[in-house]
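There are structures below to look over.
In the two complexes below, chain A is the common chain; its partner is chain B in one and chain C in the other.
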Partner chain A sequence: MARPNEAKNGTPSRRLAHLWDESRCIACGACVLACTMTNQPEMMAREEKGWGGLASNIRRIESANEQGRPTLLLVQCQHCDDAPCVRTCPFGAVYQDDDGLIRLDARRCAGCSYCVTSCPYNVRWFHPDTHVPAKCMGDGCLDLIAHDQQPACVQACPAMARDFGDLNDPESSVSETLRTQRSRRLLESAGTEPKYFIVEGS
Partner chain B sequence: MTPADLHLQVDVAHWGWSIAWFLWFVGIAGMGSVAYYFVRRSALIITIFASLTIGLLLVVSHLGRWWNLPRTLYLMVLDFDFNLGSWMLLGIATLSVHLVLTLLLLIGHLPALTRRIAWLKWTETLRAQAGYRGLFAGVGAFATVYSGFLLTQAAGIPLWNTSLIPILWVVSGSIAAIAVIELLYVLGLVDANVSAAGVRIGMVLDGVKLLAVLGFLHVALSYGSAGARYGAILMTQGDLALMLWGGVIGIGILVPLAIGAYTLLREKRKSLLAVSAVCALSGVFFLRAAVLLAGTFEPLVL
Partner chain C sequence: MGAAILITVNTTMLVKESTITRKGDSMSPARPYPVSRRGFLAGGAALSVGALLARQGWADAEPYFRADGIDVAGLERNGYRIRHTICHQCGAGCGLTALARADEPAGAHNLLILPNQHPDHPQRGYCGRGATTMFTWNSPLRVKNPLKRVGPRGSGTFEEISWNQALDEIAERIKGILERDGARALAATTHDFATDLQWLMWPLGAPNIVKQSSTCNTAGVVGRKWLMGKSYSKHSTVDPDYERVNYVLFPGRSLNAPMGAVQRLAQAREKGAKVVFLNPAMPDVAFANGEWLACYPGTDAAFMLGVARVLVEEGRYDATFVRQHTNLPFLIHEDGKPVTEADLTPEGSSDRYAMWDATRSVTVLHDEPDANPDLTFEGTIPGRNGPIRVETAWRRFETHLADYGADRVAEITGIPARDVIRIARELAEMNGVVEDTWYNTRNGNDTDVIMALMTVNGLLGNIDQPGGLGFKPSAKLPGILTNADGRATTILGDGFDLSLDPSVDKLRYPETNGTFAAVLDAILDEDPYPITGMILLGATLFHRDPNTRRLEQALEKLELLVNIDVVRQEVDDWSDYVLPSEMFLERENVSAVGWTLGASVARQHRITPPPEGVDARPHEWIMLEILRRIQPERALMFGYDERYADPEVFHRDFLAPLHEARIDALADAWQRDPEAMRTELDEHGFVTLAEPTFGRLPYETPFGTPSGRFEIYALEPILKGYRSDGFAQHVAPNAYTLPGAEDELYLVNGKSPIGSSGVASMAFPTQYLADNALWLHPEDATRFGLEDGDEALIEGLDTGWTATTSVRVTPRVRAGVAYIQSYVGGNRGSALREDARFAKRTRGLNPHWFSTSTVDPVTGSNANNASIRIRRA
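Our next item is the complex of A and B:
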């Protein structure tokens, strides 16, 4: 029984990636809200106890720099090309689909949390009702991209700080931005080949 | 300085007390199986069977979607799609085989049962077969090693990403197995000569465990990433310090070492051996609980 949109021969035909421009972000939280509304609307009034705050597939990390100025980091599933969660899932529930996205087939999930402890980015959270370890992309956003639309966070961002597209396509806006602007990835040393890019500006 | 982005795995992934008990029971059953190679007593195999069964029940009860487990296994077999790179899958397979091997030995130790059900009589010969006992010991040792690599493979928790954990688990599991034999001796279920050997081996293993625990903490504190360091600080100075210094090292290592020295130098007293065994078993549990609960995700912002 094939997993939804499973990559043929283990090689995805696309490499869809998220891009977050921290120099444009105004920290309004619209992406976080849109994510929950689209993917887990039942969680809108409920707290994610592990991280604290709204249960969303986007984790918001607020801090301060050395000068004491507030900083923000938005983190979500990095859809790693070499994802540890895919390696560790005992039942093969976590897999890379044909779009290069890391997905979870809930039919095969027993809720062991191994994918949660295996993620260096701490971007999975336990849904209190389904007990499925939730993360980006949720079903709502998968439905959007299946209909050639952008994910909810990209659509909701008022500052155009988010983008989503195919790294294999040199003409995509994501590829264009990465060619022309300075960017970084989180925990490069983990060797997971993440596909979540933080644009630092030109 | 405490990093801004700090999350304990127990708050997010919920690997808490039930997993600590699971690791403890698997350690007792696993290294107990190695001990069974030499000490073929009914009481020991009953202890191994009970430990393994309770451990497995605990881990299944911990699953967030335990009711879906039959379907996950069915789909895995239906598609012949096994993620052999997952230590958890290897563990499930190993523990299943271990349980069957244990059950067969247990049946062989129950003459009342084999008398009633004649076709089970062949199980009585298993304990005398060195090959079967060797297989049983090997599977048990591997189950203990697996329970260590289970943590090591969790890439999100840098404190655990060290091969010292499987070593620690094997050493402390061996201590637990010896402690079980000591308790069986106190209860009159094992001979005195077996117990005497156990005291000496136990003391050596206590020393090795002390070095391994200190080495584990030293590596994390001195060379670990921020997440590993924070976990080690939790264990040495934070909320888990009492469990480490009092439970793992004080109760779990120093008390059994002192009683072992008294036993070898002065006299052997069953009451003291019982105290030593209970302390050693407690220390093995505290070690697993402390390492598990100290697990912290790598902070993305310092």
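Our next item is the complex of A and C:
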């Protein structure tokens, strides 16, 4: 049973990556809301009980740095090149597709939660109807990408704090940004090779 | 529930050369100034909605959404209908566009609400409030039919009745009030719809349409007026030129709307602008490389005067602007009054102010063009009745600022002295500007805050320049109703002679632009006369008005309370009748676009009828139908009679011609072709009438102050006898008891871009997005033994109100202060209690449970902040 957009020889053709520019983000929540509206509109009227809020594939985490100053982190699936969830899924339901995105083939998913527990970024939530773990990219955003459009979060951001594109393409805007601006990735020490870049500004 | 809603914001802004003018040297005429609006993301994504259109089954619409806007004709050829409107989920008025299939009515399954797609729309984009538009439209909390209270006030027990029964009974009860107590005994209040209330109140001769500006912008409006004059000389609003600022300081504002301003500021930040927030709680937008100065509540004036002192002491002020365009060179009597020509010569004018000429060593008048004013003169000048001892306002200013050394300011504000000095230097070196604030009635001392921040702007001299403080020109859009020269008329000329008494708040608070507390006084104390009936139109009293207990007492005493709203509100429970009104998606209008430095007008089309089962009616229709039942002859003078009893006929034959007449008059005012203007409004949703222009005020056009100058030494309150000294000063917050004991905190509140409005807070997803916890600083939380998510018991120091709430421990609020988001907590309405799905909306705190009804006796400014006692629940 072929999985959607599966890489033909095991190596993705593209390495699509998310950029979040923390120096531009105004914490307005537009991306969080857009994600739910686009990917699980049926959850706009329901609470996601696991995280106690809106069922979005983007989590907003506020904390403080060592100096006690407030910090903001928007976390979502990192689409790791060496994703633990892919390796731990007993059913081959979680896989990296030809765009380098980590996807879930719901037909194969047994709801065992191994992918949930193996993810160091804690980015999945359980859909209360399907009981299948959900995360970025949702079906709506996959549709957008299939039509050569940006994901909902990128389109919604009024502060131009988000971008999405192919790391394999040196001409892409994400490659250009990563060449010219400081950035970091989360939990580099986990060795997962995440493709979610936090741009720190120039 | 509802249609799929799409959030899209065009990420490509077209590179465009616009011609604006700027100030040259201080006395030169305005001249063209080229400014490039460069794009945000080079090669960024073009507008793309196609895939979501495909998911809606509308893939054939995709080619007509382009980076430069929408091809409306193309969409129409393919069976779609585009309609534009502006968002009314708050007062910002961002542009929205609706797409629907033309072959069936727009509605739950045939409607996409998008931000306006045109790249030049001045307020393009929507926040969480706008994004939940359809959830408000289709909310289970929509008022579906007229309701009549059948239980005691506050019980929330209603029966549904017909429109005719409701209107007949309301009209009869109003008639009784008019006959017994007179027209002034009927009051009305609203947030956005004062004109709609006028259809009823004016013909009845009822003067009391009283908005509640006093818990929003009164302090700012008065403070700006005292330094810049009424309406800033025909320029309706003032704002920083966000698009071009180098440095902007926001005292007490979070700028999460309107979206055009948010985007323009983001654009400036992209070019390196620094953004600083002075606020007890850190605004969301400060995460974007903003600096947050965590002050104590109500200390902004001290901070600003500390900044002013540094600017003066270090010579970092704009000396040319100060000499030529402020009144600091004016000579002042020892009693604080200005020296005028009338003091100097027998026929002298009291409107011409004296200065000392440094070149000629003589007294000169402020409007003499070749004067060389001496800032530092002190001495005796010859007057008409003998020598006058004088000194310049500047010298008095230096003395005044002696109280605001950085160390003392640090003690008052909690902001380190080094930061006070640094911010002053940065403002001067980066040609900065201080934002003029909006939702600013907080602590009872707020007018001085506005005066103080405008004082800093006056010293910086960054006035009416690119990147400085700019002035919005009037759009010249005529009102649908006017009351001028003793006659009330519609835009079509129907009307009658009318002379209205001053409203009750103006009698008590001479400078106010709307103090609803005066209405409550009239209800409760019959002072200066009794008010016994009230109409609410889109007015969420319990989340708008301070001192909930007093509000309840007033509502309890009213003989008649009618609430007209889109969704069920807490105040319904106190109302005799609740009438369903049309939401903005269901209404036609033409509005000036706000909060920009250009002039533009937006069209609001009727996007959709109300959802099935909701029998909502137009505001104007409700007013005129009540009027027709009370005084049919007056309704007829407006051209209204029973022909329009059908709301659809009313929309088509009564309202539409009025709006079309406004467009005709607008086109005439700008010498444009009205049909071309209509086409542009229909196609794009807006029409731009004037680009931002700089270099006018006060260089070519004087301010509306007594002297025409930027009056850092505010003359108006001195001349009117309100003050003996014209300078801003810091006084401790006087609207509430200051916290002192170990378990006491300030309680402040503010808005979030999600849910902080009367209607958006009732959109279903709001409860899962908005935060209705009480924010506590980690130090305070530790002191009280509270952790994130714990329940705390709160007691108002002044009101004694007690409530429990969950707490959020966060460094985003300064120690000693607790914070809550306004509108999203503490809703006690019965409609929420009856629907378990809205359980979250009933939790949290309403800040007005704890705030007092203290009102400034001159400005009528009220206060939103309070003080509380807290312990673990």
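Points to keep in mind about this one:
We adopt the following convention: the second predicted complex is superposed on the first by the 197 of 202 C-alpha atoms of A that agree within 3 Å, B and C clash if a C-alpha of one lies under 4 Å from a C-alpha of the other, contacts with A are read in each partner's own complex, and residues count from 1 in each chain.
Here, a residue touches a chain if its C-beta (ideal position, glycine included) is under 8 Å from a C-beta of that chain, and two chains touch if they have at least 3 such contacts.
Keep in mind that what you see is a predicted model, and the values were worked out from it rather than measured.
Once the two complexes are laid over each other on the shared chain, residue contacts for A:156 go to chain C alone; chain B is not touched. Of the two partner chains, chain B is the only one touched by A:114; chain C is not. When the shared chain is aligned, chain B comes close enough to touch A:122, but chain C does not. Once the two complexes are overlaid on the shared chain, A:89 sits against chain B while remaining clear of chain C. Of the two partner chains placed around the shared chain by superposition, chain B is the only one that A:131 touches, whereas chain C remains out of contact. When the two structures are aligned on the shared chain, A:188 is found in touch with neither chain B nor chain C. In the superposition on chain A, A:62 contacts both chain B and chain C. The intersection of chain A residues touching chain B with those touching chain C, taken from the two complexes, comprises 62, 64. Contact residues on chain A toward chain C in their complex (touch as defined above): 22-30, 32-34, 36-38, 41, 44-45, 47-48, 53-54, 62, 64, 68-70, 72, 140, 143-144, 146-150, 152, 154-161, 163, 173, 176, 201. By the touch criterion given at the top, residues 1, 4-9, 11, 40-45, 48, 50-52, 54-55, 125, 127-128, 131-132, 135, 256, 259, 262-263, 266, 269-270, 282, 284-285, 287-289, 292, 753-754, 764-765, 768-769, 778, 810-812, 837, 840 of chain C touch chain A in their complex. Those residues of chain A lying in contact with chain B across their complex are 1, 49-51, 61-64, 71, 73, 75, 84, 87-93, 107-114, 116-122, 124-126, 130-132, 186-187, 190, 192.
Those residues of chain B that touch chain A in the shared complex are 4-5, 7, 9, 11-15, 62-66, 68-69, 71-73, 75-76, 78-79, 81-83, 85-89, 91-92, 153-157, 295, 297-298, 300-301.
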